[in-house]
(Lines give C-alpha, C1' and ligand atoms only; values in the text may rest on other atoms or scores of the structure.)
Protein backbone atom coordinates (compact mmCIF):
# COMPACT_ATOMS: atom_id res chain seq x y z
CA UNK A 1 0.00 0.00 0.00
CA UNK A 2 2.61 2.57 -1.04
CA UNK A 3 1.58 6.21 -1.25
CA UNK A 4 -0.55 5.90 1.88
CA UNK A 5 1.75 8.21 3.83
CA UNK A 6 1.49 10.92 1.15
CA UNK A 7 -2.24 11.28 1.63
CA UNK A 8 -3.72 14.20 3.59
CA UNK A 9 -5.63 13.13 6.68
CA UNK A 10 -9.09 13.45 5.22
CA UNK A 11 -8.25 11.19 2.27
CA UNK A 12 -6.50 8.71 4.51
CA UNK A 13 -9.64 8.42 6.59
CA UNK A 14 -11.66 7.77 3.45
CA UNK A 15 -9.17 5.08 2.41
CA UNK A 16 -9.22 3.46 5.83
CA UNK A 17 -13.01 3.43 5.82
CA UNK A 18 -12.98 1.88 2.36
CA UNK A 19 -10.57 -0.78 3.57
CA UNK A 20 -12.81 -1.51 6.53
CA UNK A 21 -15.76 -1.87 4.15
CA UNK A 22 -13.78 -4.25 1.96
CA UNK A 23 -12.87 -6.32 5.00
CA UNK A 24 -16.50 -6.61 6.05
CA UNK A 25 -17.43 -7.53 2.48
CA UNK A 26 -14.68 -10.15 2.33
CA UNK A 27 -15.58 -11.70 5.66
CA UNK A 28 -19.22 -11.95 4.56
CA UNK A 29 -18.11 -13.64 1.34
CA UNK A 30 -15.91 -16.02 3.28
CA UNK A 31 -18.86 -16.80 5.51
CA UNK A 32 -21.01 -17.59 2.47
CA UNK A 33 -18.29 -19.70 0.88
CA UNK A 34 -17.74 -21.78 4.05
CA UNK A 35 -21.48 -22.37 4.28
CA UNK A 36 -21.60 -23.49 0.65
CA UNK A 37 -18.55 -25.76 0.90
CA UNK A 38 -19.69 -27.46 4.10
CA UNK A 39 -23.26 -27.81 2.85
CA UNK A 40 -22.07 -29.41 -0.41
CA UNK A 41 -19.60 -31.73 1.35
CA UNK A 42 -21.84 -32.75 4.27
CA UNK A 43 -25.47 -32.77 3.15
CA UNK A 44 -26.75 -35.11 0.50
CA UNK A 45 -29.98 -36.61 1.74
CA UNK A 46 -33.23 -34.70 1.35
CA UNK A 47 -35.71 -37.08 2.89
CA UNK A 48 -36.10 -34.78 5.87
CA UNK A 49 -36.10 -31.00 6.20
CA UNK A 50 -33.88 -31.03 9.26
CA UNK A 51 -30.19 -31.82 9.48
CA UNK A 52 -29.59 -35.14 11.26
CA UNK A 53 -26.87 -35.40 13.91
CA UNK A 54 -24.30 -36.86 11.49
CA UNK A 55 -24.78 -33.96 9.12
CA UNK A 56 -24.58 -31.45 11.94
CA UNK A 57 -21.32 -32.88 13.24
CA UNK A 58 -19.91 -32.97 9.74
CA UNK A 59 -20.78 -29.28 9.20
CA UNK A 60 -19.17 -28.26 12.52
CA UNK A 61 -15.96 -30.13 11.77
CA UNK A 62 -15.87 -28.89 8.20
CA UNK A 63 -16.21 -25.31 9.38
CA UNK A 64 -13.58 -25.77 12.11
CA UNK A 65 -11.21 -27.43 9.67
CA UNK A 66 -11.69 -24.75 7.05
CA UNK A 67 -10.96 -21.97 9.52
CA UNK A 68 -7.80 -23.67 10.76
CA UNK A 69 -6.73 -24.34 7.19
CA UNK A 70 -7.36 -20.73 6.18
CA UNK A 71 -5.40 -19.47 9.20
CA UNK A 72 -2.40 -21.58 8.19
CA UNK A 73 -2.59 -20.44 4.57
CA UNK A 74 -2.81 -16.86 5.87
CA UNK A 75 0.41 -17.36 7.85
CA UNK A 76 2.29 -18.74 4.85
CA UNK A 77 0.81 -16.09 2.59
CA UNK A 78 2.06 -13.35 4.91
CA UNK A 79 5.58 -14.83 5.02
CA UNK A 80 5.82 -15.21 1.26
CA UNK A 81 4.38 -11.75 0.62
CA UNK A 82 6.88 -10.00 2.87
CA UNK A 83 9.78 -12.01 1.39
CA UNK A 84 8.84 -11.14 -2.15
CA UNK A 85 8.43 -7.47 -1.21
CA UNK A 86 11.94 -7.46 0.21
CA UNK A 87 13.25 -9.06 -2.99
CA UNK A 88 11.40 -6.50 -5.07
CA UNK A 89 12.79 -3.60 -3.04
CA UNK A 90 16.33 -4.95 -3.32
CA UNK A 91 15.91 -5.29 -7.09
CA UNK A 92 14.52 -1.77 -7.38
CA UNK A 93 17.40 -0.34 -5.34
CA UNK A 94 19.95 -2.15 -7.53
CA UNK A 95 18.28 -0.86 -10.68
CA UNK A 96 18.19 2.67 -9.25
CA UNK A 97 21.94 2.49 -8.53
CA UNK A 98 22.73 1.11 -11.99
CA UNK A 99 20.45 3.67 -13.63
CA UNK A 100 22.29 6.67 -12.17
CA UNK B 1 -32.34 -2.65 5.74
CA UNK B 2 -32.58 -0.83 9.05
CA UNK B 3 -31.77 2.86 9.17
CA UNK B 4 -33.47 3.47 5.83
CA UNK B 5 -36.21 5.53 7.49
CA UNK B 6 -33.65 7.78 9.19
CA UNK B 7 -32.22 8.99 5.90
CA UNK B 8 -33.11 12.41 4.47
CA UNK B 9 -34.91 12.25 1.12
CA UNK B 10 -31.89 13.02 -1.04
CA UNK B 11 -29.83 10.23 0.50
CA UNK B 12 -32.73 7.82 0.29
CA UNK B 13 -32.99 8.51 -3.42
CA UNK B 14 -29.27 7.80 -3.82
CA UNK B 15 -29.71 4.54 -1.93
CA UNK B 16 -32.72 3.52 -3.98
CA UNK B 17 -30.84 4.24 -7.20
CA UNK B 18 -27.90 2.21 -5.92
CA UNK B 19 -30.25 -0.66 -5.12
CA UNK B 20 -31.74 -0.46 -8.60
CA UNK B 21 -28.24 -0.59 -10.07
CA UNK B 22 -27.38 -3.61 -7.95
CA UNK B 23 -30.56 -5.32 -9.14
CA UNK B 24 -29.67 -4.72 -12.78
CA UNK B 25 -26.15 -5.98 -12.13
CA UNK B 26 -27.48 -9.07 -10.37
CA UNK B 27 -29.99 -9.89 -13.09
CA UNK B 28 -27.23 -9.59 -15.71
CA UNK B 29 -25.06 -11.94 -13.68
CA UNK B 30 -27.93 -14.37 -13.31
CA UNK B 31 -28.43 -14.19 -17.07
CA UNK B 32 -24.75 -15.03 -17.63
CA UNK B 33 -24.83 -17.84 -15.11
CA UNK B 34 -27.93 -19.46 -16.65
CA UNK B 35 -26.29 -19.27 -20.07
CA UNK B 36 -23.13 -20.90 -18.73
CA UNK B 37 -24.96 -23.65 -16.84
CA UNK B 38 -27.25 -24.57 -19.73
CA UNK B 39 -24.40 -24.43 -22.25
CA UNK B 40 -22.23 -26.71 -20.09
CA UNK B 41 -25.09 -29.15 -19.40
CA UNK B 42 -26.55 -29.25 -22.93
CA UNK B 43 -23.78 -28.73 -25.50
CA UNK B 44 -20.95 -31.19 -25.90
CA UNK B 45 -20.49 -31.82 -29.61
CA UNK B 46 -18.43 -29.39 -31.67
CA UNK B 47 -18.64 -30.97 -35.08
CA UNK B 48 -20.93 -28.19 -36.26
CA UNK B 49 -21.04 -24.49 -35.46
CA UNK B 50 -24.82 -24.44 -35.05
CA UNK B 51 -26.88 -25.90 -32.23
CA UNK B 52 -28.86 -28.92 -33.40
CA UNK B 53 -32.52 -29.29 -32.42
CA UNK B 54 -31.76 -31.61 -29.48
CA UNK B 55 -29.35 -29.08 -28.02
CA UNK B 56 -31.78 -26.22 -28.58
CA UNK B 57 -34.59 -28.04 -26.79
CA UNK B 58 -32.26 -28.96 -23.96
CA UNK B 59 -31.20 -25.31 -23.53
CA UNK B 60 -34.83 -24.10 -23.47
CA UNK B 61 -35.85 -26.65 -20.87
CA UNK B 62 -32.74 -26.04 -18.80
CA UNK B 63 -33.46 -22.32 -18.76
CA UNK B 64 -37.14 -22.83 -17.93
CA UNK B 65 -36.29 -25.29 -15.20
CA UNK B 66 -33.66 -23.04 -13.70
CA UNK B 67 -36.05 -20.08 -13.56
CA UNK B 68 -38.76 -22.14 -11.89
CA UNK B 69 -36.25 -23.55 -9.46
CA UNK B 70 -34.90 -20.09 -8.61
CA UNK B 71 -38.43 -18.78 -8.08
CA UNK B 72 -39.13 -21.56 -5.59
CA UNK B 73 -35.86 -20.99 -3.75
CA UNK B 74 -36.71 -17.27 -3.66
CA UNK B 75 -40.06 -18.05 -2.01
CA UNK B 76 -38.45 -20.24 0.65
CA UNK B 77 -35.64 -17.75 1.13
CA UNK B 78 -38.14 -14.97 1.77
CA UNK B 79 -40.05 -17.05 4.32
CA UNK B 80 -36.94 -18.07 6.21
CA UNK B 81 -35.51 -14.53 6.17
CA UNK B 82 -38.63 -12.98 7.63
CA UNK B 83 -38.90 -15.70 10.27
CA UNK B 84 -35.33 -15.23 11.39
CA UNK B 85 -35.78 -11.45 11.45
CA UNK B 86 -38.79 -11.86 13.75
CA UNK B 87 -36.75 -14.13 16.01
CA UNK B 88 -33.92 -11.63 16.06
CA UNK B 89 -36.24 -8.74 16.91
CA UNK B 90 -37.84 -10.74 19.73
CA UNK B 91 -34.40 -11.54 21.11
CA UNK B 92 -33.31 -7.91 20.88
CA UNK B 93 -36.47 -6.73 22.65
CA UNK B 94 -35.94 -9.26 25.43
CA UNK B 95 -32.33 -8.17 25.84
CA UNK B 96 -33.38 -4.51 25.87
CA UNK B 97 -35.93 -5.22 28.63
CA UNK B 98 -33.44 -7.21 30.69
CA UNK B 99 -30.78 -4.54 30.16
CA UNK B 100 -32.88 -1.74 31.66
CA UNK C 1 -21.28 2.28 -25.00
CA UNK C 2 -23.96 4.61 -26.37
CA UNK C 3 -24.34 8.05 -24.83
CA UNK C 4 -20.57 8.44 -24.49
CA UNK C 5 -20.51 11.24 -27.08
CA UNK C 6 -23.18 13.20 -25.17
CA UNK C 7 -21.01 13.53 -22.07
CA UNK C 8 -19.17 16.78 -21.26
CA UNK C 9 -15.40 16.43 -21.25
CA UNK C 10 -14.98 16.22 -17.49
CA UNK C 11 -17.47 13.37 -17.18
CA UNK C 12 -15.96 11.57 -20.15
CA UNK C 13 -12.57 11.68 -18.43
CA UNK C 14 -14.11 10.21 -15.29
CA UNK C 15 -15.69 7.45 -17.37
CA UNK C 16 -12.46 6.71 -19.21
CA UNK C 17 -10.58 6.52 -15.92
CA UNK C 18 -13.24 4.18 -14.56
CA UNK C 19 -12.88 2.00 -17.65
CA UNK C 20 -9.11 1.91 -17.20
CA UNK C 21 -9.59 0.87 -13.57
CA UNK C 22 -11.97 -1.88 -14.61
CA UNK C 23 -9.44 -3.11 -17.16
CA UNK C 24 -6.69 -3.29 -14.55
CA UNK C 25 -9.08 -5.08 -12.21
CA UNK C 26 -10.05 -7.54 -14.93
CA UNK C 27 -6.48 -8.27 -15.96
CA UNK C 28 -5.56 -8.93 -12.33
CA UNK C 29 -8.50 -11.30 -12.04
CA UNK C 30 -7.49 -13.04 -15.24
CA UNK C 31 -4.00 -13.37 -13.85
CA UNK C 32 -5.34 -14.98 -10.69
CA UNK C 33 -7.63 -17.29 -12.63
CA UNK C 34 -4.82 -18.52 -14.93
CA UNK C 35 -2.66 -19.20 -11.87
CA UNK C 36 -5.45 -21.16 -10.23
CA UNK C 37 -6.31 -23.17 -13.36
CA UNK C 38 -2.71 -24.09 -14.16
CA UNK C 39 -1.94 -24.90 -10.53
CA UNK C 40 -4.97 -27.18 -10.27
CA UNK C 41 -4.27 -28.88 -13.62
CA UNK C 42 -0.48 -29.26 -13.21
CA UNK C 43 0.38 -29.71 -9.54
CA UNK C 44 -0.79 -32.70 -7.55
CA UNK C 45 2.17 -33.97 -5.58
CA UNK C 46 3.06 -32.35 -2.28
CA UNK C 47 6.04 -34.39 -1.24
CA UNK C 48 8.34 -31.44 -1.93
CA UNK C 49 7.87 -27.72 -1.49
CA UNK C 50 9.38 -26.87 -4.88
CA UNK C 51 7.89 -27.44 -8.30
CA UNK C 52 9.75 -30.18 -10.18
CA UNK C 53 10.69 -29.67 -13.84
CA UNK C 54 7.66 -31.59 -15.15
CA UNK C 55 5.31 -29.38 -13.16
CA UNK C 56 7.13 -26.24 -14.25
CA UNK C 57 6.89 -27.17 -17.93
CA UNK C 58 3.24 -28.04 -17.50
CA UNK C 59 2.50 -24.66 -15.91
CA UNK C 60 4.31 -22.77 -18.71
CA UNK C 61 2.45 -24.63 -21.43
CA UNK C 62 -0.85 -24.31 -19.63
CA UNK C 63 -0.37 -20.56 -19.33
CA UNK C 64 0.71 -20.22 -22.96
CA UNK C 65 -2.20 -22.32 -24.13
CA UNK C 66 -4.70 -20.40 -22.05
CA UNK C 67 -3.51 -17.06 -23.41
CA UNK C 68 -3.69 -18.27 -27.02
CA UNK C 69 -7.11 -19.75 -26.37
CA UNK C 70 -8.35 -16.52 -24.77
CA UNK C 71 -7.01 -14.48 -27.70
CA UNK C 72 -8.94 -16.65 -30.14
CA UNK C 73 -12.13 -16.43 -28.09
CA UNK C 74 -11.62 -12.66 -27.95
CA UNK C 75 -11.43 -12.51 -31.77
CA UNK C 76 -14.63 -14.51 -32.19
CA UNK C 77 -16.33 -12.55 -29.43
CA UNK C 78 -15.51 -9.28 -31.17
CA UNK C 79 -16.86 -10.53 -34.51
CA UNK C 80 -20.09 -11.81 -33.00
CA UNK C 81 -20.61 -8.67 -30.91
CA UNK C 82 -20.24 -6.33 -33.87
CA UNK C 83 -22.53 -8.51 -36.01
CA UNK C 84 -25.26 -8.53 -33.42
CA UNK C 85 -24.92 -4.78 -32.93
CA UNK C 86 -25.40 -4.27 -36.66
CA UNK C 87 -28.47 -6.50 -36.59
CA UNK C 88 -29.84 -4.60 -33.62
CA UNK C 89 -29.30 -1.24 -35.30
CA UNK C 90 -30.99 -2.44 -38.51
CA UNK C 91 -33.94 -3.66 -36.47
CA UNK C 92 -34.18 -0.37 -34.60
CA UNK C 93 -34.08 1.64 -37.83
CA UNK C 94 -36.82 -0.52 -39.34
CA UNK C 95 -38.97 -0.06 -36.26
CA UNK C 96 -38.35 3.70 -36.29
CA UNK C 97 -39.46 3.88 -39.94
CA UNK C 98 -42.56 1.77 -39.31
CA UNK C 99 -43.38 3.77 -36.19
CA UNK C 100 -43.55 7.11 -38.05
CA UNK D 1 -32.03 13.26 17.77
CA UNK D 2 -29.52 15.39 15.83
CA UNK D 3 -29.48 14.89 12.07
CA UNK D 4 -26.76 12.48 10.95
CA UNK D 5 -23.50 13.83 9.48
CA UNK D 6 -22.33 13.23 5.91
CA UNK D 7 -19.84 10.60 7.08
CA UNK D 8 -22.49 8.73 9.05
CA UNK D 9 -24.81 8.78 6.07
CA UNK D 10 -22.12 7.46 3.76
CA UNK D 11 -21.46 4.71 6.26
CA UNK D 12 -25.09 3.67 6.53
CA UNK D 13 -25.41 3.65 2.72
CA UNK D 14 -22.33 1.41 2.55
CA UNK D 15 -23.75 -0.90 5.22
CA UNK D 16 -27.08 -1.23 3.43
CA UNK D 17 -25.23 -2.11 0.23
CA UNK D 18 -23.09 -4.68 2.05
CA UNK D 19 -26.17 -6.32 3.50
CA UNK D 20 -27.85 -6.50 0.12
CA UNK D 21 -24.70 -7.94 -1.49
CA UNK D 22 -24.48 -10.52 1.25
CA UNK D 23 -28.09 -11.62 0.82
CA UNK D 24 -27.80 -11.85 -2.95
CA UNK D 25 -24.62 -13.90 -2.66
CA UNK D 26 -26.29 -16.23 -0.13
CA UNK D 27 -29.34 -16.62 -2.34
CA UNK D 28 -27.25 -17.37 -5.43
CA UNK D 29 -25.18 -20.00 -3.66
CA UNK D 30 -28.28 -21.62 -2.16
CA UNK D 31 -29.93 -21.64 -5.58
CA UNK D 32 -27.01 -23.23 -7.41
CA UNK D 33 -26.22 -25.74 -4.63
CA UNK D 34 -29.83 -26.93 -4.46
CA UNK D 35 -30.06 -27.02 -8.25
CA UNK D 36 -27.12 -29.42 -8.30
CA UNK D 37 -28.39 -31.49 -5.38
CA UNK D 38 -32.01 -31.80 -6.55
CA UNK D 39 -32.50 -31.36 -10.29
CA UNK D 40 -32.36 -34.06 -12.93
CA UNK D 41 -30.00 -32.38 -15.36
CA UNK D 42 -30.89 -34.38 -18.43
CA UNK D 43 -33.67 -31.81 -18.95
CA UNK D 44 -36.34 -34.07 -20.39
CA UNK D 45 -38.78 -31.49 -19.19
CA UNK D 46 -38.81 -27.80 -18.26
CA UNK D 47 -41.02 -28.45 -15.23
CA UNK D 48 -39.99 -29.57 -11.76
CA UNK D 49 -41.58 -32.90 -10.85
CA UNK D 50 -43.03 -33.70 -7.40
CA UNK D 51 -39.79 -35.19 -6.11
CA UNK D 52 -37.79 -32.20 -7.24
CA UNK D 53 -40.21 -29.77 -5.62
CA UNK D 54 -39.98 -31.37 -2.19
CA UNK D 55 -36.23 -31.82 -2.57
CA UNK D 56 -35.82 -28.07 -3.17
CA UNK D 57 -37.90 -27.17 -0.11
CA UNK D 58 -35.87 -29.44 2.15
CA UNK D 59 -32.63 -28.38 0.54
CA UNK D 60 -33.39 -24.71 1.32
CA UNK D 61 -34.30 -25.57 4.90
CA UNK D 62 -31.08 -27.53 5.44
CA UNK D 63 -28.97 -24.88 3.74
CA UNK D 64 -30.42 -22.31 6.12
CA UNK D 65 -29.57 -24.50 9.11
CA UNK D 66 -25.97 -24.78 7.90
CA UNK D 67 -25.90 -20.98 7.74
CA UNK D 68 -26.86 -20.94 11.42
CA UNK D 69 -24.21 -23.45 12.54
CA UNK D 70 -21.42 -21.73 10.62
CA UNK D 71 -22.57 -18.32 11.85
CA UNK D 72 -22.36 -19.45 15.47
CA UNK D 73 -18.88 -20.91 14.98
CA UNK D 74 -17.56 -17.79 13.23
CA UNK D 75 -19.17 -15.63 15.92
CA UNK D 76 -17.54 -17.69 18.66
CA UNK D 77 -14.15 -17.21 16.99
CA UNK D 78 -14.81 -13.48 16.75
CA UNK D 79 -13.95 -13.85 13.08
CA UNK D 80 -16.28 -11.71 10.96
CA UNK D 81 -20.09 -11.74 11.11
CA UNK E 1 -31.24 19.62 -26.49
CA UNK E 2 -30.72 20.78 -22.91
CA UNK E 3 -27.50 19.67 -21.22
CA UNK E 4 -28.00 16.61 -19.01
CA UNK E 5 -28.33 16.99 -15.23
CA UNK E 6 -25.85 15.60 -12.70
CA UNK E 7 -28.21 12.77 -11.82
CA UNK E 8 -28.66 11.78 -15.47
CA UNK E 9 -24.92 11.78 -15.98
CA UNK E 10 -24.32 9.63 -12.94
CA UNK E 11 -26.94 7.25 -14.27
CA UNK E 12 -25.38 6.97 -17.71
CA UNK E 13 -21.94 6.40 -16.18
CA UNK E 14 -23.42 3.64 -14.05
CA UNK E 15 -25.10 2.11 -17.11
CA UNK E 16 -21.90 2.14 -19.14
CA UNK E 17 -20.11 0.42 -16.29
CA UNK E 18 -22.84 -2.19 -15.99
CA UNK E 19 -22.64 -2.94 -19.69
CA UNK E 20 -18.87 -3.32 -19.55
CA UNK E 21 -19.10 -5.59 -16.48
CA UNK E 22 -21.69 -7.71 -18.24
CA UNK E 23 -19.56 -8.14 -21.35
CA UNK E 24 -16.44 -9.01 -19.40
CA UNK E 25 -18.37 -11.57 -17.35
CA UNK E 26 -19.83 -13.09 -20.54
CA UNK E 27 -16.40 -13.23 -22.17
CA UNK E 28 -14.79 -14.86 -19.12
CA UNK E 29 -17.47 -17.51 -18.86
CA UNK E 30 -17.30 -18.25 -22.59
CA UNK E 31 -13.52 -18.50 -22.37
CA UNK E 32 -13.48 -20.89 -19.43
CA UNK E 33 -16.37 -23.03 -20.70
CA UNK E 34 -14.78 -23.47 -24.12
CA UNK E 35 -11.38 -24.12 -22.56
CA UNK E 36 -12.90 -26.99 -20.63
CA UNK E 37 -14.88 -28.32 -23.60
CA UNK E 38 -12.09 -28.08 -26.19
CA UNK E 39 -8.60 -28.16 -24.72
CA UNK E 40 -6.49 -31.22 -24.03
CA UNK E 41 -5.46 -30.42 -20.47
CA UNK E 42 -2.46 -32.68 -20.28
CA UNK E 43 -0.54 -29.73 -21.75
CA UNK E 44 1.96 -31.65 -23.89
CA UNK E 45 2.24 -28.47 -25.89
CA UNK E 46 1.60 -24.75 -25.44
CA UNK E 47 0.05 -24.48 -28.90
CA UNK E 48 -3.52 -25.20 -29.94
CA UNK E 49 -3.65 -27.99 -32.53
CA UNK E 50 -5.94 -27.94 -35.59
CA UNK E 51 -8.73 -29.81 -33.83
CA UNK E 52 -8.63 -27.48 -30.86
CA UNK E 53 -8.73 -24.39 -33.07
CA UNK E 54 -11.87 -25.45 -34.89
CA UNK E 55 -13.43 -26.67 -31.66
CA UNK E 56 -12.96 -23.22 -30.08
CA UNK E 57 -14.54 -21.45 -33.07
CA UNK E 58 -17.59 -23.69 -32.98
CA UNK E 59 -17.78 -23.53 -29.21
CA UNK E 60 -17.92 -19.72 -29.31
CA UNK E 61 -20.60 -19.79 -32.01
CA UNK E 62 -22.75 -22.22 -30.02
CA UNK E 63 -22.21 -20.33 -26.77
CA UNK E 64 -23.44 -17.18 -28.50
CA UNK E 65 -26.55 -18.99 -29.72
CA UNK E 66 -27.31 -20.15 -26.18
CA UNK E 67 -27.04 -16.52 -25.11
CA UNK E 68 -29.75 -15.71 -27.64
CA UNK E 69 -32.14 -18.47 -26.56
CA UNK E 70 -31.80 -17.66 -22.86
CA UNK E 71 -32.14 -13.93 -23.57
CA UNK E 72 -35.44 -14.50 -25.39
CA UNK E 73 -36.79 -16.65 -22.58
CA UNK E 74 -35.81 -14.17 -19.88
CA UNK E 75 -37.25 -11.34 -21.98
CA UNK E 76 -40.54 -13.23 -22.42
CA UNK E 77 -40.74 -13.67 -18.64
CA UNK E 78 -40.02 -9.97 -18.16
CA UNK E 79 -37.35 -11.16 -15.76
CA UNK E 80 -34.16 -9.10 -15.88
CA UNK E 81 -32.16 -7.91 -18.90
CA UNK F 1 6.88 18.40 -3.01
CA UNK F 2 3.60 20.01 -4.16
CA UNK F 3 0.47 18.57 -2.61
CA UNK F 4 -1.26 16.07 -4.89
CA UNK F 5 -4.36 17.11 -6.89
CA UNK F 6 -7.85 15.69 -6.35
CA UNK F 7 -7.53 13.53 -9.46
CA UNK F 8 -4.20 12.09 -8.34
CA UNK F 9 -5.62 11.30 -4.93
CA UNK F 10 -8.64 9.57 -6.42
CA UNK F 11 -6.28 7.55 -8.58
CA UNK F 12 -4.09 6.44 -5.69
CA UNK F 13 -7.16 5.48 -3.65
CA UNK F 14 -8.35 3.41 -6.59
CA UNK F 15 -4.94 1.75 -6.95
CA UNK F 16 -4.75 0.86 -3.28
CA UNK F 17 -8.19 -0.70 -3.53
CA UNK F 18 -7.19 -2.66 -6.64
CA UNK F 19 -4.11 -4.03 -4.90
CA UNK F 20 -6.13 -5.10 -1.88
CA UNK F 21 -8.75 -6.77 -4.10
CA UNK F 22 -6.03 -8.58 -5.98
CA UNK F 23 -4.40 -9.91 -2.81
CA UNK F 24 -7.70 -11.05 -1.33
CA UNK F 25 -8.61 -12.84 -4.56
CA UNK F 26 -5.19 -14.53 -4.67
CA UNK F 27 -5.49 -15.58 -1.03
CA UNK F 28 -8.99 -16.98 -1.51
CA UNK F 29 -8.00 -19.00 -4.56
CA UNK F 30 -4.89 -20.34 -2.85
CA UNK F 31 -6.97 -21.27 0.20
CA UNK F 32 -9.63 -23.12 -1.74
CA UNK F 33 -7.19 -24.86 -4.12
CA UNK F 34 -5.03 -26.12 -1.25
CA UNK F 35 -8.10 -27.14 0.71
CA UNK F 36 -9.15 -29.34 -2.18
CA UNK F 37 -5.65 -30.71 -2.78
CA UNK F 38 -4.78 -31.43 0.86
CA UNK F 39 -7.79 -31.95 3.09
CA UNK F 40 -9.56 -35.19 3.79
CA UNK F 41 -13.12 -34.06 3.18
CA UNK F 42 -14.87 -36.78 5.09
CA UNK F 43 -14.42 -34.56 8.15
CA UNK F 44 -13.89 -37.23 10.78
CA UNK F 45 -12.17 -34.52 12.74
CA UNK F 46 -12.07 -30.72 12.90
CA UNK F 47 -8.29 -30.72 13.29
CA UNK F 48 -5.65 -30.89 10.57
CA UNK F 49 -3.46 -33.97 10.99
CA UNK F 50 0.34 -33.96 10.49
CA UNK F 51 0.13 -34.95 6.84
CA UNK F 52 -2.42 -32.23 6.11
CA UNK F 53 -0.31 -29.59 7.83
CA UNK F 54 2.78 -30.30 5.77
CA UNK F 55 0.69 -30.65 2.62
CA UNK F 56 -0.76 -27.16 3.15
CA UNK F 57 2.69 -25.63 3.65
CA UNK F 58 4.04 -27.19 0.44
CA UNK F 59 0.87 -26.40 -1.43
CA UNK F 60 1.18 -22.70 -0.56
CA UNK F 61 4.84 -22.69 -1.59
CA UNK F 62 4.08 -24.31 -4.93
CA UNK F 63 1.08 -22.08 -5.55
CA UNK F 64 3.32 -19.06 -4.99
CA UNK F 65 5.85 -20.40 -7.50
CA UNK F 66 3.11 -20.82 -10.09
CA UNK F 67 2.20 -17.18 -9.46
CA UNK F 68 5.77 -16.28 -10.37
CA UNK F 69 5.89 -18.32 -13.60
CA UNK F 70 2.56 -17.00 -14.84
CA UNK F 71 3.50 -13.45 -13.87
CA UNK F 72 6.69 -13.65 -15.95
CA UNK F 73 4.84 -15.03 -18.95
CA UNK F 74 2.12 -12.39 -18.77
CA UNK F 75 4.78 -9.71 -18.31
CA UNK F 76 6.72 -10.97 -21.36
CA UNK F 77 3.53 -10.77 -23.41
CA UNK F 78 2.90 -7.26 -22.12
CA UNK F 79 -0.57 -8.54 -21.30
CA UNK F 80 -2.01 -7.24 -18.06
CA UNK F 81 -0.36 -6.91 -14.63
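By written order: A, B, C, D, E and F. Residues from 1 in each chain.
Basically, a residue touches a chain if its C-beta (ideal position, glycine included) is under 8 Å from a C-beta of that chain, and two chains touch if they have at least 3 such contacts.
On a predicted model such as this, the values are computed, not experimentally measured, just so you know.
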If we look at chain B and chain D, which chains touch each of them?
none
Steps needed, at fewest, to go from chain D to chain E via touching chains:
2
Measuring centre to centre, with centres taken as mean CA positions, what chain is farthest from chain B?
F
Given a C-alpha superposition of chain B onto chain C, how large is the rotation in degrees, taken in steps of 5?
120
If you average the CA atoms of chain A and of chain E, how many Å lie between those two points?
29
CA centroids of chain C and chain E: separation to the nearest Å works out as 9
Chain B and chain E, separation of their C-alpha mean positions in angstrom
20
Chain-centre distance (mean CA atoms) for chain A and chain C, in whole Å, is 25
Chain C: which residues touch two or more other chains?
29-30, 33, 42, 60, 63-64
Hunt down the residues of chain E that sit against at least two other chains at once, touch-wise.
21, 38, 57, 61
Indicate which of the five shapes (line, ring, star, complete, other) describes how the chains touch one another.
ring
From chain A via chain F, the ring reads A, F, C, E, B, D
Mind pulling up the chain B residues that touch chain E in the complex?
17, 21, 24-25, 27-36, 38-40, 42-44, 46-51, 55-56, 59-60, 63-64, 67
Residues of chain D defined as touching chain B within the complex
3-4, 9, 12-13, 15-17, 19-21, 23-24, 27-28, 30-32, 34-35, 38-39, 41, 43-48, 52-53, 56-57, 60-61, 64
Mind listing the chain B positions that touch chain D in their complex?
1, 3-4, 6-8, 11, 14-15, 18-19, 22, 26, 30, 33, 37, 41-42, 58, 60-66, 68-70, 72-74, 76-77, 80-81, 84
Okay, in this complex, where on chain E does chain B touch?
11, 14, 18, 21-22, 25-26, 29, 33, 36-38, 54-55, 57-59, 61-63, 65-67, 69-71, 73-74, 77, 79-81
